[in-house]
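Listed next: structures, encoded as structure tokens.
There are two complexes below, and they share chain A, which is joined by chain B in the first and by chain C in the second.
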Partner chain A sequence: MFEVIFLQFLNGLDKGAAYALIALGLTLVFGTLGVVNFAHGALFMLGAFCAVTVRMFLTMETVTIDPTKLSPWGSPLEVREPLVQAWLGDFGAVLVNYSVPFSILITIPIMLLVGIALERGIIKHFYKRPHAEQILVTFGLAIVAQEVIKSIFGPNPIPQPMPTDLRGAADIGAFLGMQANVITYPLWRLIYFVFSAVVIAGVFAFLQFTTFGMVVRAGMADRETVGLLGINIDRRFTVMFGLAAVVAGMAGVMYTPLLPPNYHLGMDFLVLSFVVVVVGGMGSLPGAVAAGFLLGILQSFASMTQVKAIVPGIDQIIIYLVAVVILLVRPRGLLGRRGVMES
Partner chain B sequence: MPTTFMSRNDLLLFLGFTIVVLAMPIWLAPFGAGYPDLLQRFMIYGIFAVGFNILFGLTGYLSFGHAAFFGVGSYTAVWSFKLLTLDAIPAMVFAVIVSALFALVIGFLCLRRSGIYFSILTLAFAQMSYNLAYSVLTPITNGETGLQLTLNDPRVLDAAIGQTFVGQPVPTLFGQQLSGYAGFYFCAGFLILAFFFAQRITGSPFGMMLKSIKSNQTRMQFTGFNTRPYALSAFVISGMYAGLAGALLAVTDPLAGAERMQWTASGEVVLMTILGGVGTLVGPVIGAWIIKYFENILSALNDNILARFWSFLPDGMADFMVTVTSKFVGDGWHLTLGLLFVIIVIFLPGGIMEGVRRIAAAVRRSGTPAAKTQTQPAE
Partner chain C sequence: MTLLTRGLTRRRVLQTGMAGIIGTGVAPMMFTKGAWAQEFCNNPTGDTVTFGLNLPLTGTYAEEGADEQKAYELAIAHLNGEGDGGLLNVLAPSALKGNGILGKKVVYVSSDSQTKSDVARAGATRMIERDGAIMITGGSSSGEAIAVQGLCQEMGVIFMAGLTHSNDTTGKDKRRYGFRHFFNAYQSGIGLAPVLGQSYGNDRRAYHLTADYTWGWTQEESIKAATEALGWETVAAVRTPLGATDYSQYLTPILNSGADVLILNHYGLDMVNSLTQAVQFGMRDRQANGKDFQIVTPLISELMAKGAGESVKGIFGTSNWHWNLQDPGSIAFTKSFGAAYGSPPSQAAHTAYVQALLYADACERAGTFYPPEVIKALEGHEFDGMGNGKTLYRAEDHQCIKSVLVVQGNESPTSEYDVLNVVQEIDRETVAYDPSIFGGDLGPAEPAPMCA
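For the complex of A and B:
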């Protein structure tokens, strides 16, 4: 019995990690800029499609015809070789194999630029407008991003293979000194969890231990005073928007082997991560992370057959149900601050 | 004006609206939209948007879950067709009652919070309904296939009066089939009624209460008013409008699917209301018409039509223009919608009605420079 529960707990971690990463970025944007960003799911999706694009470039092939050999059908054998492999030899082959982790390096600057351009271009003009209008304009942007991706990459999901070495499962049970082969867990999910833990820790450390982060935290508490002290807080908040976009993008890149990305990936995750943010408490970073993992794990438990036998359909609604209950009994969410978003 | 039933402006607006709606088959024909199928959808989504505006436009509560009531209305109507009778009136009555009950329960819970929390709560309830309709409630909703009429439905009332049907059953009104223009005028009658009630509500003391909830709820509470019953009434009324629209959609096309309840469908009605003009009476209807019109026109365009359209350009440039514009039409018409929406929210937050008002004000100013009082047109 313990094994079953532990396994479900593990299963919830990777989805919870994705929720936590998206919710972290959403909260960061809300806490700094005070903007409710419905386009954040689209940033997650854009990150995923950065990985798709990188892989497309890496797998461009040259086709040469080898006249000395024949294929099984009797025609001259076509030799296909990825260009990267032709140029860089073995390193190129490794690059193709590890395209997903490699894409992160390219995704970071792209998402930073996208985020900053978005903030400077459009979001900037909405600070003083009502929250309803912020929701609406970012919702419109999300539709635009989704449709652009759809017209470029088509409507079907594009599977991304994970690196061959990381395909297996880790025997966590044996590692923890339990019976072998009882608790096994796909390696990539484990990597995703560790990756998200590192990113979350990085964001917190950045906010907690750097001067930049200190100024940003001060700005979150009292923007006006920080501005009066002669600090250009707007520029720092713009960078924070870029950072939130990078976090969402990286989360998207690493999630591609688990779920083939398609154009409505962003919308699918957006609704859930908004629920996560609200459950965690608007404007609370630890709340967002905690609620992300909590809801991911709850969802995993709710999809157990034993649970579904007692309450049919619970796996479909558990997250929303929890959100409704929490909002009704704890209006500010789990760790929300007083007076945030209560008009 | 307590002595007269309606002020002169209201009466003119209502009469004008009625004439425009009833004459739609005539004046929309040159735009290629003068056929009943599309006109029916104009009416139905017009009702949906008018109802949504009673909540969002008057009280300022942004609901992201109104599609749930729309879907509930559709399902109820189809069940009434299946179990009781193919007549449309009972179906509409049941749909409105059931969606009102739904709205009462959901509104009672959601209205305990305001602002973004309210939006998320309504979204959560709508997604729950959608997910349940797809999975566990399949016996009621028929899951992915959608609920539809069959020949061997019981139809108790029809059987009692010995009415039988040949072929695929279709909804009727007192034995008259509601297809084509009959269906359109049936829906148009409801849109005019819906508009009339919305107009009465907006002008009534109750409407004033709703507007004051939007402008300053705290002050209302300090004055000694309990605002929640008012907001809840607005929520239930707009839920009933959504249920009515859903039922009408089931009348014109007796097939109810769960995708009607998805949150993107809720987003669509928000778009309609914003595009037309939040808080105005005709704005949401116009927004609904524009979105449905362009959905129909743009999604029907394809590369061949575009090639003909650009054929006056030199070859290379024509090909280029076809490639560019084809991204915005056909399946990609949502991209146009999204762009249009972003532009509207950025530059014209009041929607089309604000644009009209600005133009009207500019014309009046240039026409009579001496006029010094700018009266706001009645909303």
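For the complex of A and C:
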């Protein structure tokens, strides 16, 4: 039984890592700019499609028709030559194999630009507007992003293979000195968890230990006073929007081997992430992370056969059930600050 | 008067006269019934006849839908006398002439069913009411097939199902206006179980993950019955939502459940995801109960095998048809499809193509588009040359009875399409069954309902 519980716990951490990463970005935007950003899921999806695009470029081929030979199905034989391998040899093959991690390098500047462009181009005009209008405009942005991706990449999921060396499962039981082959877990899911932990720690360290972060935190607490000190807080908040987009984009890239991305990916995660933010407390970064992992773990345990035998279908509703209870018992969320989103 | 006294009474004259009138006036109508009963739903009056293609172009079964669309376009081209003729050249017996159907050129309208039953039904309604489709065909989900054939029965339009594998399609939910060429879950169980017994032994413990809708339920029921008859024990059968993407929460309980076989009653993208993730969880490298852990996918297609990549190697399943069969029908269809699209056809494409041709052939043989007559032409029709050997369109349940393939993921593929090997061809007598075991009622063919 211990093995079952431990595996479900790992599963929960894995799910929670994705929820926490998206919720972290959402909370960053809300905490700094005061904007409820319904386009945040779309940023996750755009990150995933950065990985798709990079792989498309890396796997480009030249196709020549050999009229002298026929394929087994009767059409002229197509001879395909991978371009990147032809240009870069073994290094090209490594790049193709590691296309997902490699995509992170390309995704960071792209998502930073996308974030800054969104904030400067559209969202800044809605700072002083009611939350309902912010939700409408960001939701509209999400739909536009979705439709653009659908028109370019089509409606169906595009699988992204993980590097061959990172496929398969890690024997965690043996690593912990237990019987071998009892607690095994997919290597890439463990990598995703570690990646999330590093990104979350990086964001917290950036806000906690840099002057830039200190100013941003001060701005989050009292925007007006920081402005009166002669600091251009708007510019810093714009960078924070870009940073939130980068976090969402990186989360999307690393998730592609686990879930083939399609245009709807962002919406699938958005609703859950908002629940996570509400449970964690609007505007609370530690709350978002804690709630992400907590809900991931709860969802994982709720899907155990033994639990479902008692309450059928509980795995489908557990997250929303917790949100309802939290909102009834502690309306500002687990770690929410007094006065945030409260009239 | 003399004559009358010999027995030719007035009554006799009247009786003879009436018999004459009936004999000369009414009896020929028996042979021209279709001719006077031409008022039916979407009776084609112009020089074209419209097929309604209901295809899952998005959603879990989108790959199959896209391949079905190609097959229908090819079939329609061949029916109209274009291209190389494809299976028109090998279908036997055949009334097809390559000049459309009954001299009318075949055209089509299509609708994306999104792999959703309600959308499929709405699309079919639109194609019947707005576009005047004489026949609805397509689909890659039994949920869609059952929903659409129910609608077609109500509207008096024939439904030639695409890929649908649930026992219910021609079982408890069978309809007079619905016809299925594809095999079913029960036949998969009969065909696959002996091969599983030979390969993995009779002392196994199986854990099922099952797509939670009509096909998954009957697939699970059939393969459970077949493997339990071998001596296998069923540890658990867990339902997963259709279109689920992350199976981790369903896979982790299997690892320490005591099972040594995982049976994935999934299809399409669901199967690609669940199989790939099961392999990522190390299931194929595990030992359980002193045996190598095995994964089985009772229904598998080359499109799914291609999507699953390395994960599918060595995995057993069943298929309706495969492009590398070497009978004249399979060779002709593969060549024709490959020349048109640059890739071999899938089993979804094959069944779609065959259904289009069989409908057209039935109309030609009936000499009319009047659905009850076309139904009669299809019921009990025996044909050959379509890649599955001699095939019977059984009258009792509208299920095609033909051979079934047991396939296995190719360990050393020579191309991206060479992903499955045919391990065994189970003959049609072995996979035939009593049509009454699944219950259901076909319902009446006449009076043919008139769509609005």
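FYI, the second predicted complex is superposed on the first by the 326 of 343 C-alpha atoms of A that agree within 3 Å, B and C clash if a C-alpha of one lies under 4 Å from a C-alpha of the other, contacts with A are read in each partner's own complex, and residues count from 1 in each chain.
Assume a residue touches a chain if its C-beta (ideal position, glycine included) is under 8 Å from a C-beta of that chain, and two chains touch if they have at least 3 such contacts.
All of these numbers come straight from a predicted model, not from anything done at the bench.
With both structures placed on the common chain, the touch criterion links A:Leu141 to chain B but leaves chain C unconnected.
Once chain A of one complex is fitted onto chain A of the other, the partner contacts of A:Met111 are absent, as it touches neither chain B nor chain C.
In the superposed model, A:Ala23 lies in contact with neither chain B nor chain C. Of the two partner chains, chain B is the only one touched by A:Ile122; chain C is not.
Residue contacts after overlaying the shared chain place A:Leu327 against chain B, while chain C stays out of touching range.
Contacts of chain A with chain B, set against its contacts with chain C after fitting on chain A, overlap at residues 155, 316. Taken in their complex, chain A has these residues touching chain B: 36, 122, 125, 129, 131-133, 135-137, 139-144, 146-148, 150-151, 155, 267, 271, 274-275, 278, 282, 312-313, 316-317, 320-321, 323-324, 327-328, 331, 341-343. Residues of chain A touching chain C in their complex: 3-4, 7-8, 10-11, 14-15, 71-75, 78, 155-157, 159, 161, 167-169, 171, 181-182, 184-189, 258-260, 268, 299-300, 303-305, 315-316. Of all residues in chain B, those touching chain A in their complex are 60, 62, 109, 112-117, 119-121, 123-125, 127-128, 131-132, 134-137, 217, 263-264, 267, 270, 274, 327, 331-332, 334-335, 337-339, 341-342, 345-346, 349. Those residues of chain C lying in contact with chain A across their complex are 57-58, 62-63, 236, 238, 241, 245-246, 248-250, 252-253, 255-256, 269, 272-273, 277, 279-282, 285-287, 307, 309, 323-324, 334-339, 342-345, 415, 417-418.
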